[in-house]
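Structures are listed in the sections that come next.
Heads up, the next two complexes both have chain A, just with different partners, chain B and then chain C.
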Partner chain A sequence: MAAKDNGRSPALRLETVALDCVMVRLFDTIDEANMPWLLAATQRLREAFADVLIDLVPSYTTVMVHFDIARLSLSEARERALQTLEALEPADDEQGETHVLPVWYDVAVGPELETIAARANITVDEVIRRHAEREYRVFALGFAPGFAFMGLVEPLIATPRLATPRKRIAPGSVGIAERQTAAYPGVSPGGWNLIGRTSARLFDRDRDGYSLLRPGDRVRFEPVNRDVFIRHGGDTTALEERR
Partner chain B sequence: MNEQRSQAQAVLRVVEAGPFALLQDGGRFGVRHLGVTQGGALDVISLWAANYLLGNPLEAAVIEIALGGFALESESETTLALAGADLGATLDGEPLVPGRSFVMRPGQRLAFTQPLAGVRAYLAAPGGFAAPETLGSCATVVREGLGGLDGNGQALAKGDVLHCRAGSAPKPGRALPPTASLDLDAPVVLDMVLGAQIEDFDGRSLFEAFNADWQVDERADRMGVRLLGPQLRCHRETMVSEGIPLGAVQVPADGQPIVLMNDRQTIGGYPRLGALTPMSVSRLGQCLPGISVRLRPVSATQARRAYLALRAALEA
Partner chain C sequence: MHIEILKPGLATTVQDLGRQGNYHLGIPPSGGMDLASVKTANWLVGNDEDAAVLECSLMGPTLRFATGCLVAACGADMAPLVDGQPRAINTAFCVPEGSELSFGFVRDGARLYLAVAGGIDVPHQLGSRSTYTLGRLGGVEGRPLKAEDRLPLAQPQRNVPEGRTLPHNDCRFFGKSHELRVVTGLYEHRVMPESIEQFYSETWSVASEADRIGYRLKGGSALTFKEREPPFGAGSDPSNIVDACYPVGSIQVPSGSEPIILHRDAVSGGGYATIATVISADMNRVGQMQPHHQVHFTRVSMEEALQARREEQKRLERLKCLLIG
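After this line comes the complex of A and B, so read on.
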């Protein structure tokens, strides 16, 4: 198979994971260079399984195909997936939208700004600058509707998850876990290190396509002050407030 | 809803509700790549059965009642059907047997008290209960704020008013085909299609997985059911997160399996032994904490054959 993407071409494997699901495994480790291959595989599988597809679940290194067992057996599904992915070529690396998410970075809504600064031996402002400086890639959606796992943050501000997750996090909260970053679309529990809050509506069931972010999209975080955050409809709910 | 109210369809009022009475259907599909969970009736066989008894589409919206503490009053005469767990249901005090349809008259009270056999009862109404579809389904997922009577993921509550989609049941008085009734008294054997990651478990763990008695833990809900037993060992503690099928039997570092149910997260990173068949997921959804279960490997061909036979019996 031609290695067009930084020399990183997938070693394709098909695995049985359930009576009605086949796992297409392309890689073993998380890497931005996986994306063009995953996007190409996802698109091909969506088309090839269209008539029998129940759900397609792409992730960092895999695409899970959930098909209708009334119409297809597991071995037929494996065969179809294998044929579909023959001579796979990576998608255009420019594929995906670019988003700018306004973020109010502040200890009032980002209590771990100080923890991260102390760990890295830099100032809070420097943590913010470094987080907002990079453009991130959406690797996968999961955990909650519209929750996009993005990366990679630079190693200096990478921080392990909280030992004890919070029970309730306000919508829009932006966090870091290891070298990934994300924003919580809705109220949820969570163990990421919070550094700020975005006013962007990440999941909206009245929006076409529902989720603002999709795998392969690119995201930049733009620091805004509290007033701008509020003007854009940002949620100022205090941290861990209970109803 | 206005359209439904203008017709002369049956109206039911919730007069008592704990936190576990949820509108459910076959689940929410086509949006899992956005992180939206599957949802839907945990015991899909009983969902189908309840709808079959009235001649409804098999995945029409029903009420899933877990454990009891739920009561309805009717404002009109209607035929309803009950399947799944025996939660000591009574109609004006007269016991109702699951697996049958019955007529409810204006002013009568239908009450669910406590689990006598199984965990979840399914109540079907003519044409299904009317509810808006959010992302293609009315399945209630409280965590995601999706589905239910108002589309916001709320459990049914006292004072809620339910409308039926049809004025009368197309086929009242039907009897269930025998394969569509779960035997809730029989020992629980859960069939599992083995997954590729089974190679990552050591031999002793594989022996124990399929020979030990597993006890259903108290940590059992619509997201997952934890099983207690011998500690299973896997060479890998975590993996890169990937899609999780319904019924996946994942084994976290403590070696105690968790079976992932309808409201599971869409992706996750624990190694898995395999996944229960849809019929065994249904069965597990009827197991109270403390019940002993066994896991049994099954071939995909055999499991599919059983699934197709059941569907064929219900679609007849």
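After this line comes the complex of A and C, so read on.
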């Protein structure tokens, strides 16, 4: 088990996923304390594999290294990964940008506000306050272009994914799944509990790096009213599938 | 120089070899589901292998050529028709100015790749012209083609004659039963051993949910996962893991019941255990499977997977030398 004690390097494991991918596992469970280790591992692997790297994908507990098999064999890649991560030290936890995303929290665009409130036995306003009060870390990007998995939301408002995902979700929708939170950058299907909508452009082809959010970044959600949301260019499209 | 879409067909998109290396932004590679056919169709008309082509699924489009063009169709067998007159697949032929190109019913495979001399000249986005519908990237406005779309064409890269054809042994026939080779996945250990053996002995059937995102299979027994305490952060279903990256070709089994082979437009990660990965050499074949086709999975070693990959690369190198030197 990759049990992690404070201040001790995580127990490292390599898992092979395909001929040209090595999955570096640092942890088994989601924890904000994983972040400096994952950032450090990502940074080292990016440098060590620079000449053969196709993609490097950090997630909550793992970093996937996709390399060019024409230039490096799987066994060489495994060896290189192990060497690279010897005596890993956690990265400076202050790195990453801080973003404030304006969110119009409202049952009109956040149909699960009421269900979350009912589950937690608190008011809708209290759900909003608790969601907006924390600062979240971006653990990973995935699922759709610019979709950032963030955490951790307070246990009281943590809510399992919908049993049946929606077929279409409006861009900017902010949701909760267990103790994760995220905003949908574009129209997509999705099973998260929706609580509001942001006007922030999360994915932009004309932006350097395309995605607003990157692993390691910090995010706060700032409640705004409908007028401000619209003034910032927020999308007011009604949910096409009300539950 | 352009092509006009008269009828779009079932799901016709612009594709090239895809945009690898963007999973860290949540963007899958996209590109042709059968990359070997993308390449051979391009070579037949004198294009580089990465020129953009049309991927036509199950029911082809009807196109009008504003300019006379050399074209070639590889992959699925849907007879090309120039103003109603049949032409051969795997062979370059001319479509005269003002003519219509349509396609007959699919007789084998699922996806036909139509290359046009010069290639389809839509803008590159993130290094590729491939359409990624969910992310609205590439192709024509990031979506499947519709009637009245116009596809701009680039200048032909090489002058090659019509009538060039693939060697007989390279004209592929896919059939209705498919053997897919896999290497065992990350989370196989989470499944009961006898359940894994069952998985490999079973005949699976391609479900109707078979598209560029993934191929769902049905008809086999549900997997039995080992008892466990879910690790913190993972969902409570036994097939859940802590969200992690999925490579293309990986097989996940949500709730243990129906396996899904992730393909080139797949979500880049998520919370389901992946039990195996289809080897790269067989992913082109997956793109040629139709609903109701039969599938068997066979385990191979990493060495065998590597060998299969080398052989396929050698075959394609040989074709490339033959067709564009």
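We adopt the following convention: the second predicted complex is superposed on the first by the 231 of 243 C-alpha atoms of A that agree within 3 Å, B and C clash if a C-alpha of one lies under 4 Å from a C-alpha of the other, contacts with A are read in each partner's own complex, and residues count from 1 in each chain.
Heads up, the rule we're going with is that a residue touches a chain if its C-beta (ideal position, glycine included) is under 8 Å from a C-beta of that chain, and two chains touch if they have at least 3 such contacts.
Quick caveat, the model's predicted, so the values are computed rather than measured.
Engineer: Based on the shared chain A superposition, would you classify chain B and chain C as clashing or fitting together?
Structural biologist: clash
Engineer: With both complexes overlaid on chain A, does A:179 touch chain B (first), chain C (second), both or neither?
Structural biologist: A:179: touches chain C, not chain B.
Engineer: Between chain B (first) and chain C (second), which, if any, makes contact with A:144: first, second, both or neither?
Structural biologist: Both partners.
Engineer: Should A:205 be classified as contacting the first partner (chain B), the second (chain C), both, or neither?
Structural biologist: both
Engineer: Would you sort A:16 into first (chain B), second (chain C), both or neither based on which partner it touches?
Structural biologist: Both partners, chain B and chain C.
Engineer: One more residue to check, A:160. First (chain B), second (chain C), both or neither?
Structural biologist: A:160: touches chain C, not chain B.
Engineer: Scan A:31 for contacts with chain B and chain C and give back first, second, both or neither.
Structural biologist: Touch status of A:31: second partner only.
Engineer: Applying the touch criterion given at the start, work out whether A:56 contacts chain B, chain C, both or neither, answering first, second, both or neither.
Structural biologist: both
Engineer: Which chain A residues contact chain B in one complex and chain C in the other?
Structural biologist: Touching chain B in the first complex and chain C in the second, residues 15-21, 23, 28-30, 54-62, 64, 66, 69, 74, 140-147, 149, 186, 188, 203, 205, 210-211 of chain A appear in both lists.
Engineer: Which residues of chain A touch chain B in the complex?
Structural biologist: So the residues of chain A touching chain B come out as 15-21, 23, 25, 28-30, 42, 54-64, 66, 69-70, 73-75, 140-147, 149, 186, 188, 203, 205, 210-211, 215.
Engineer: Using the touch rule from the top, collect the residues of chain A that touch chain C in their complex.
Structural biologist: Interface residues on the chain A side: 15-21, 23, 28-31, 53-62, 64, 66, 69, 74, 140-147, 149, 160-161, 178-180, 186-188, 203, 205, 209-211.
Engineer: Where on chain B does chain A make contact in their complex?
Structural biologist: Checking each residue of chain B against chain A gives 29-36, 38, 134-135, 143-146, 193-197, 240-248, 265-268, 272, 274-275, 277-278, 300-301, 303-304, 307-308, 311.
Engineer: Quick check: in the complex, which residue numbers of chain C touch chain A?
Structural biologist: Chain C reaches chain A through residues 20-27, 125-126, 134-137, 183, 185-186, 231-236, 242-245, 247, 249-250, 267-270, 274, 277, 279-280, 302, 305-306, 309.
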